[in-house]
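Letters A, B and C mark the chains in the order given here, with residues in each chain numbered from 1 onward.
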Amino acid sequence: MLKVKKLKDNATVLDLMLNECYIGEGKEEFIVLNNNVKIKTGEKRKGFIPVRIKKIVPPNKVEIEVVKEQFTVVSEPEQKIRLFLKSDIIRKLEPQIKKAVNLIRNAARNGRLIILRHHADCDGYAGALALEEILISIIEKKNKKIWQSYKRMPMKAPFYEYGDALKDLSYFKEEISFGKKPLLIIVDNGCGEEDLLALKKVKLYDVDIVVIDHHVFAKEINKVVDVHLNPRVAGGEGDITSGMLSYEIAAQIGNPNPIYPALSGVADKSRNEFLEPYMRLAHKDREFLEKLAKCVDFEAYNLRFMESNLIYDFFNEKQKRTMDLILSEVEKRTDERKIIIKKFLKHEKLKKGTLYCLELDKTVPIREYPSPGKTVGIAHKMNKGPRITLGFSKDMITFRIDGVPFSIENALKALKKKIPYGNINGGGHNYAGTIKFIPGVGEEVLSSLKKIIKS
Amino acid sequence: MLKVKKLKDNATVLDLMLNECYIGEGKEEFIVLNNNVKIKTGEKRKGFIPVRIKKIVPPNKVEIEVVKEQFTVVSEPEQKIRLFLKSDIIRKLEPQIKKAVNLIRNAARNGRLIILRHHADCDGYAGALALEEILISIIEKKNKKIWQSYKRMPMKAPFYEYGDALKDLSYFKEEISFGKKPLLIIVDNGCGEEDLLALKKVKLYDVDIVVIDHHVFAKEINKVVDVHLNPRVAGGEGDITSGMLSYEIAAQIGNPNPIYPALSGVADKSRNEFLEPYMRLAHKDREFLEKLAKCVDFEAYNLRFMESNLIYDFFNEKQKRTMDLILSEVEKRTDERKIIIKKFLKHEKLKKGTLYCLELDKTVPIREYPSPGKTVGIAHKMNKGPRITLGFSKDMITFRIDGVPFSIENALKALKKKIPYGNINGGGHNYAGTIKFIPGVGEEVLSSLKKIIKS
Amino acid sequence: MLKVKKLKDNATVLDLMLNECYIGEGKEEFIVLNNNVKIKTGEKRKGFIPVRIKKIVPPNKVEIEVVKEQFTVVSEPEQKIRLFLKSDIIRKLEPQIKKAVNLIRNAARNGRLIILRHHADCDGYAGALALEEILISIIEKKNKKIWQSYKRMPMKAPFYEYGDALKDLSYFKEEISFGKKPLLIIVDNGCGEEDLLALKKVKLYDVDIVVIDHHVFAKEINKVVDVHLNPRVAGGEGDITSGMLSYEIAAQIGNPNPIYPALSGVADKSRNEFLEPYMRLAHKDREFLEKLAKCVDFEAYNLRFMESNLIYDFFNEKQKRTMDLILSEVEKRTDERKIIIKKFLKHEKLKKGTLYCLELDKTVPIREYPSPGKTVGIAHKMNKGPRITLGFSKDMITFRIDGVPFSIENALKALKKKIPYGNINGGGHNYAGTIKFIPGVGEEVLSSLKKIIKS
């Protein structure tokens, strides 16, 4: 017997599934599925009527056919979220995860155009690939050509640039002109001050937006996007990664490769409390994951803005061969970089620990891997104990910190106050981040930052 | 009764309209429309014969069918140009406008491939969009897919680069191999020394070229292109803008949005004599147009080389919402830039007025809006009275001038003479322009320029 | 009577030609063409059976039909190589040339995807176009759309970058997923240390690789690629150019324009022994070829990464007009550059000859033709006698040498040893090359290099 669902009270047109059957009630010329979904049919009907959804044109046009078969009404099961990670923080995020799951699943099932933007680093890729795996499996089942319904685009910058929004809207506009509502997903970028303009621009065109990020966020973000999923909203820190959050979403919808959350946790230095459960899930140890993270990072650097499925060969039966090739290259380059660092890294004693400084413009070849940021990371790992490692160029400082108290937010605030004419901004975490400024204040910023560190 | 036209004496195959009827005269195996257009039919006919044009393959192949219906001969009306702007300068430009109208209209109607290149600033966009609106309306009427017949490409550089010509020719070559003659239109660029090589390259392939510009032009240009429309040819200055000229052309063919000429006039500081009639036409005041110009300029900066119809949302029912979003962003960034300028702008007294100097490499963040040039504009507006504002970097000086006599052409001449080994070039207007040079002569150029200004 | 071939003993599935007939022997359920090619048919046959090849799916699936016609067996003629250049070195390279010919011809005939990568200079273009001409003629005969089977991509860098490999693999992967084996040809790049990573990456996907180069090669290269054709392998030097080698290959398969080897020889300064035979073949004198080389070099500079057939207009009936236009431009720019050089070039006496030095950052406009390297070449030609001309910038030295003993390999070795923290690398020839380093050691490298030169 045909099963027809009762649409939930708060559901909207966007929650309808194509070709599914729902029970409606005839009222004048409408068939009413709930208070939000009333379908004009032109015929006056009474009583309960089963209908099949033939076409959905958001925001509110629905085409149906009345079902003639015998039917039984089933209540749509309350959607349940089963999070893998057991943690207070992630439990608090359940409502956002649920909403993200619904938006993403419905968009894919209904063939809406989805653009998935992600930061081009290891965490960004981990999150994006977890989602991509389940998106592609849904779209392929619908016999749709992938490229008609889905695009993934890595972002080199640590934020969603206005120019990115213009590109995405160029894809979205055709879809919108057909009356369809596209979906934008942003992974490991998207929640900060610098993202707001681009997001607002996209929102002008009524695109659904899901941001999955773990960086410091702008308060306004929650008003701009449909879902902002971020451990910091629930009192957490950056070490519940974008890869972990994306995996939790993807795992509600399909079966993504379980390696992604552990990989991202290793790359972004998650504490053991979060990392270990995911490592057990992945059946991989830290050493292996660290090697893999180096490879993915190198590949991401070189893929730049390419949407390429080559990256999957680090996760399938080709894994060993691709890793062997890339790992030895990364290690060779790291060793070469260490020789440079040994020669040029300067140090001075702090009250507690040591401050290491590297002049990036003089020591890091441009447009070569490892990047200046990675180079500072290498320099930092070459030393031990409480320490700060600063790399500075004419308009940028990037740092790594261990065992020395430091707040990037406070440092930025103090620098902005002291040098208001310096166009100072930046971001990151307390243990690793970046400060940008105009070259005219380079020396002033460096000496002020040193003072902040020493105080 | 069928109306058939008499083809004008100086008309060529390119002036024929597809599916239109013309009267010809049978002579031996030809039907002769005029001295330029003689169609071989293989049959000997005599007397007047009405024909319908079935196919045109430039340079001179025409396929016809003889019309059997009753007909009456009408003389093709003398094409009339009704210019909106009443001004001696623009009246003198009527011949060029007429020729541009004919070339553009015929190319669009006959489905020839058209590439529209334009400077990626407010004036460039204004002119290009005025033309694009009427081009697209013609192409759509012919049921052609737009992208088969038309491409618009913004140019960041202030001239048509040789590399641009190579790209355009790559599109043109397929068309040319089918025996069709494409059309290149260049708006707000294209008339200077630096454009000549690229234009000559395109002309090697016998492409029609229309240049609509208002910058200082190279004398040779008139020999290279088919139409060079420029107020300076008629003794005018740069303040009859590319947007105004393009609008006058477009308005002969269709109904472009009347806001474009006023917008460009505000952006490029046209005198009231030219600006006010267009403002009345647009029913918009200067304050609104200045805000709109800021928005279009910001969008143009971020669109870079994209051919996007997003720009139209500043001119349609979305206007208010797009302007609100972008204007507040532009103003925020302008305010931030002002703080930097206040700190770093230096000044010295001139005999008449003041000279302000800003070291751009130290004060303007790279690849961020506002650009160095815009920053100098902001600095200039922050002061009053007779003044020159110079922004200099290691290989470039950009300036704004008010109330101080200055000739960019004379300054360039003097600098080139004094520093012949400096690779000095540049351009613009007497109130705003740019001088480029090699870093090795930076100080020499700056001190020489100051001397010129002070003298 | 139908001619059927006997497949050679060492031939594999990849050597089979579609629609050709071969003689096989029935053994159980197989028809055996040779020890490598055994086709399962499902029927038990005995004796000699003629078959026609209907489909080839590498690595080893072959579909056949048994031929019913009368037939005669012909032995497949031993493939003969007739090299145009008579020289011991090139004779020693015959095995590699033969293998390259087979790989390239079979790939084209069997419709496998071919990517042709080449250095974007005159030699690189000469070699690539010689091969492209014969590739396109084969593919067109098969009624294939060119772009489905073939892509040519110029490389600006002097090596095959890892990012290039990722792009190429994105094209290759679809082909590979259909079970086909693509072919990568690299001309005038590809044999050095810096190429290895990218080549190994491509080889992970079992792509056939042919490298045609004449630069100093890494020993490992022979193990990585299928063919490494390089005069240095046979004790030659760089003056048997990539254009000459590519021409010799192409001429075994079809009829490429005979101008390419002479053109490349002039561009890369081949000795008369090699150059003159090719000049006679081309019926062109040195003066003409030098002019043409300048034009191709300018066009290559501006085409950048474009795959454009515009370049052929320097070799067909448009040649005179394209050369006239470009040559006068190149000469104008060279004259302008000479004025700068005259002012800024410094010189000091050597024991034998003179050392000329040019500070590139101060004297060469960025992103303008001539490039820094070309500028040093111009400076070098402005002087006579034994001399070294060095152009240096903050992270690079480029040099030209005449009549002064110098070994780039020894110089690099000595610099690396003396300044191990300088990230020093480079390459080229003993008469022209480049040394790169980090800015922090710029002065140290320059003074050490001068010492090496003076010693």
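Note that in this section a residue touches a chain if its C-beta (ideal position, glycine included) is under 8 Å from a C-beta of that chain, and two chains touch if they have at least 3 such contacts.
Since the structure is predicted, the reported quantities are computational estimates derived from the model, not experimental observations.
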Length of the shortest touching-chain route, chain A through to chain C: 1
Interface composition of copies chain B and chain C: same or different, split at half: different
Centre-of-Cα separation between chain C and chain B, whole angstrom: 42
Residues within chain C bordering two or more other chains: none
Interface residues, chain A side, partner chain B - complex: 162-163, 166-167, 169-170, 173, 197, 200-201, 204, 395, 420-423, 436, 438-440
Chain B-facing residues of chain C, complex: 299, 302-304, 306, 308-310, 313, 318, 321-322, 325, 329, 336, 339-340, 342-344, 359, 361-366
